[in-house]
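In what follows, a single structure is set out as structure tokens and then discussed.
Per-chain residue numbering starts at 1, and chain names A, B, C and D are given in the order in which the chains are listed.
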Amino acid sequence: TSTVKQSPHLGQAMTASDIKKVDISIGPDGVGLPVGSGNAKTGLKVYEAQCLSCHGAKGQGKPVDALVGGIGSLSSDKPVRTVGSFWPHASTLFDYTRRAMPLQSPKSLTNNEVYAVSAYILFLNGIISEDYELNQGNLAQVKMPNRDGMIDFSKEKSVVYK
Amino acid sequence: SFLALATTPVMALADESVKNDFPAWSTTLGKGLNEYGQPSKFEAGTKRGIAKAYGDLAPGTGSARTPIEKLEGIITPSGLHFDRSHNGTPEIDPSKHQLSIYGLVDKPLNFSVENLLRYPMISRTYFVECAGNSAANIIAPQPIQATAGTLHGLISCSDWTGIPLSVLLKEAGVNPAGKWIVAEGADAAGMSRSFPMEKAMDNAMIALYQNGERVRPEQGYPMRLLLPGWEGNMNVKWLRSLKVTAGPTHTKDETSKYTDPLPNGKARQFTFELGVKSIITKPSGMMKLPSKGLYEISGIAWSGAGKVARVELSTNGGKDWFDAELDGPSQAFCLVRFRAPWTWNGEPAFLQSRAIDEHGNVQPTRAAYKANNAVDGRYHNNTIVTWAVLADGSVQNAYL
Amino acid sequence: SFLALATTPVMALADESVKNDFPAWSTTLGKGLNEYGQPSKFEAGTKRGIAKAYGDLAPGTGSARTPIEKLEGIITPSGLHFDRSHNGTPEIDPSKHQLSIYGLVDKPLNFSVENLLRYPMISRTYFVECAGNSAANIIAPQPIQATAGTLHGLISCSDWTGIPLSVLLKEAGVNPAGKWIVAEGADAAGMSRSFPMEKAMDNAMIALYQNGERVRPEQGYPMRLLLPGWEGNMNVKWLRSLKVTAGPTHTKDETSKYTDPLPNGKARQFTFELGVKSIITKPSGMMKLPSKGLYEISGIAWSGAGKVARVELSTNGGKDWFDAELDGPSQAFCLVRFRAPWTWNGEPAFLQSRAIDEHGNVQPTRAAYKANNAVDGRYHNNTIVTWAVLADGSVQNAYL
Amino acid sequence: TSTVKQSPHLGQAMTASDIKKVDISIGPDGVGLPVGSGNAKTGLKVYEAQCLSCHGAKGQGKPVDALVGGIGSLSSDKPVRTVGSFWPHASTLFDYTRRAMPLQSPKSLTNNEVYAVSAYILFLNGIISEDYELNQGNLAQVKMPNRDGMIDFSKEKSVVYK
């Protein structure tokens, strides 16, 4: 169904600084992470101010999604899927929190606040220690419990049942 | 005076006018011409069904479902196109919006909306289906009694017009290392999804028009990504950027959600293509057949793999199958309407439809889905739907 | 308290958020989910152009024209479907409306709307064009400078669903003497038109749905007649009755209007089929090309005789012609979108399109129409339209 | 493009009186005309009360269509098309006036009023005399000037230009 079309070439060149402003996505390898750092202790303060009202004390959930728990539950008959139990890459936590949270004021957290609250959520899940200083250099190295839990299905054309 | 004359009967004879035989709307001025029409007030019940995922805490998080049981044909009126949003609909000023293409390209480029409107375009009739459509029918242990739209209304179909994404990518010049793209929306959720370069070059579209007019706000105004046949969430609305990358970005919505967990604890990630599927919309849940007699079974079928080849129907819960008529051309990644006459004899019946696509893919049973997915698996539910017709004519959602 | 904490900076370090790089709609909640969507407020200029034939004396007499130059693809959004009405839009309560079939039939029958909705249906994408479309371009001695929609916007196209009229006629049982039908509307004008039985049995439809949802008020809610390919006025809206007759009734709108006068004083009556026709919508009247360079010429073509086979384009006023690409399947009695790339070199140009249908009918020139019709002839103007591009890029309506 | 469809046979039989209420169309042969009559003299009164404000004194038009004039003009280079000059059948005048006029109160005229105002318009056009009593029996016999001016094109498939 491809269609050959000519282009009128109306795209305007982007400068490096244009790109810097637009680009907020972070790869699983950490590429795109900004300068900054934070640990669970400062993250607790961010969390209580900005997140607790929706995600509950210590990320237990209610009224919205729990951010903690379920590690080891995935092959059980009551799987609990959270950042801690299910997300393969810590980069996703930083990326998503920065772009989308808190819900009523997305993109308002500073980079250090995002590092800190991410550290707090990883700490609550027992993945890093309370004083671990999460930063640009080490975030992608955090070993998430479900790092190897995903099967890449991007080459398959359709889901087929036997 | 004119007025006095007009109200005095002119004729002596007591003859009659035909006025009393007609309703008021035939004997009084109709409404004046207007610039933008709306449905009849008598059709106010034909509306999207709203399901806020977290109640009023997040008024723009959840879905507004297409009332498929009230619609006919294959085009979804734009006002009723389903909307699945993660933090509401942004009200974007097109003169302050642009599309940026950067990452592994030779020339990173910004495109204003005004400039994009000057590009050569293509028009295609494509469905969009949320990967979470019909999830309740897989998750709920007992069938929920609701309309077809409530249960399966995250499916819509429009005549889309836009620019082949390949044209813009070629203008930017993709590096050989650029194998994926992450698309981002300008909404408050900053919706972002990764997709392979192959799809981008094959048939991805930057849609600017929906059913003739510019894309509606809830569908991504001023522009959205369309990846024909692939799960709705990837068709990023309010598209603001495309970053060419070596691999997938593992965004929240391709990690936490829209992955397909298996019974063994693993999960399939990057399941993109939607399965072949069909829904009988008439008769369907919450309807009641008023009497025995002839009815038309009618519904919609589609496939993420291309064209629907055939739709089979059963009225006895899958014991016997017969072919429905496909009404109009079957187009790739597009709804097709199917129809068949059915005489209801007044006894209980189990209506099912089973679509088969041009590649031979067949709709699976609910049991097959359950056996192959984790207990909480819910995405890509394309299993056969059963509507039970009871002896009193009422139509119920059923699991068979 | 929570509020106090939320407004106090928690971090000592003066680092940054990304907020300032984003527009407000990316950093604040979007609008909540809604039940029936509307276009963006930034597209408020995409509206029907109202032409009241007698000013405010008759607020519902005249036309609301489709802004074809702002639209893409082939589906007209229902809110922008053209409306030609003779005494406004009635607001019909469907529970108090019925369709009566009587005259030369065995069993005169009334059909409630509720019952008609139970009938087997067909879906077809059909254009509707007013026989008076493009009349100004024939009548006005000098070309009027206006948009394509103002000049040629009495054309629209929808996905219609309804009942083949033949099914209802067979149920009533047409007498052998019944060769014509007069259809009447429930509007204040009591619009009525005659058409031959052959058309009724061939492909006439009682349309109940338009682009998925029920037919809009301005298009005939709760139902309208569709005579595919035949002049718009015959597609009686707000249909209330069909009387089977031996011959035509000679109603006002097939006598006073919608007849085609010849130079010799005679007039052709019962000219039903619309000619093959096309309009370039981009670029078109009142637009301005901002600079030299590549443009896409795009437009719509149709034929009352069936499918469009080909659309030819000229950029030098008809000296040379080349084929446009037809975008999507060409369907009978349906718009087809045509496209072709064109590089504007900055010099004056005359853009023309010429459609040819499957029967070999070709769009005539304006001169041919004028030579064959009375001086005040205006209906069925399917002549080739010329848009002149001036050296400054402005696009004007021209006669060639 | 015909499609074979079965019918659920949900049509309800119409009685003769049902049909009488629905049926207001009148054929060129006068079939459908109701009992009643009227002449141009009474018609003048109806016209002045109900029509003049829009169609002008003596049907001269302004602000809306003239109802008079143009007889003999059709093959000239300034054809004027009115009820008088262009309409082949008087039945059309009765049918249309009854169903659609006056614009703001259609179907309100009694049958006698319709006969009378029709007679007045025909009289203004010089087609009948001022005291001619138009009725169910003679209306279709009125010889309209353009009775033979129409070419039946209903069998032609398309308008073709040489």
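We adopt the following convention: contacts are C-beta pairs under 8 Å (C-beta built on N, C-alpha and C of every residue); 3 or more make two chains touch, one makes a residue touch a chain.
The structure presented is a predicted model; accordingly, all values stated were derived computationally and were not measured.
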Between subunit A and subunit D, tell me the centre distance in angstrom, where each centre is the average of that chain's C-alpha atoms.
76
Averaging over Cα atoms per chain, report the distance between subunit A and subunit B in Å.
29
Give, as an integer number of Å, the spacing between the C-alpha centres of subunit C and subunit B.
25
Quick one: which residues in subunit C touch 2 or more of the other chains?
22, 26-29, 87, 118-120, 122, 124, 188, 190, 240, 294-295, 341
Return the residues of subunit D touching two or more other chains; collapse runs of consecutive numbers into ranges.
5-9, 22, 24, 99, 103, 106-107
Chain contact topology under the given definition, line, ring, star, complete or other?
other
Pairwise chain contacts under the document criterion
A-B, A-C, B-C, B-D, C-D
Enumerate the contact residues on subunit B facing subunit D in the complex.
2, 5-6, 8, 10-11, 13, 15-19, 21-22, 26-29, 293-295, 341
Using the touch rule from the top, collect the residues of subunit A that touch subunit B in their complex.
1-3, 5-14, 18-19, 22-28, 54, 63-64, 74-79, 81, 83, 86-89, 91-92, 95-96, 99-100, 103, 106-107, 149-154, 156-162
Taking the complex as given, what residues does subunit C use to touch subunit D?
54-55, 57-58, 61, 86-87, 100-102, 107-112, 115-116, 118-120, 122, 124, 163-164, 166-168, 170-172, 182, 184, 188-190, 192, 196, 201-203, 228, 240-241, 243, 245, 247-252, 255-256, 259-273, 275, 304-305, 332, 359, 361, 364, 368-369, 371-372, 374-376, 380
Can you list the subunit B residues touching subunit C in their complex?
22-23, 25-43, 46-48, 50, 52, 59-60, 62-64, 70-81, 83, 85, 87-94, 96-97, 118-125, 158-161, 186-188, 190, 208-209, 211-214, 216-219, 221-222, 240, 294-296, 298, 327-329, 331, 337, 339, 341
Which stretch or stretches of subunit A touch subunit C in the complex?
5-9, 21-22, 24, 36, 38, 42, 45-46, 48-50, 53, 98-99, 103-113, 116
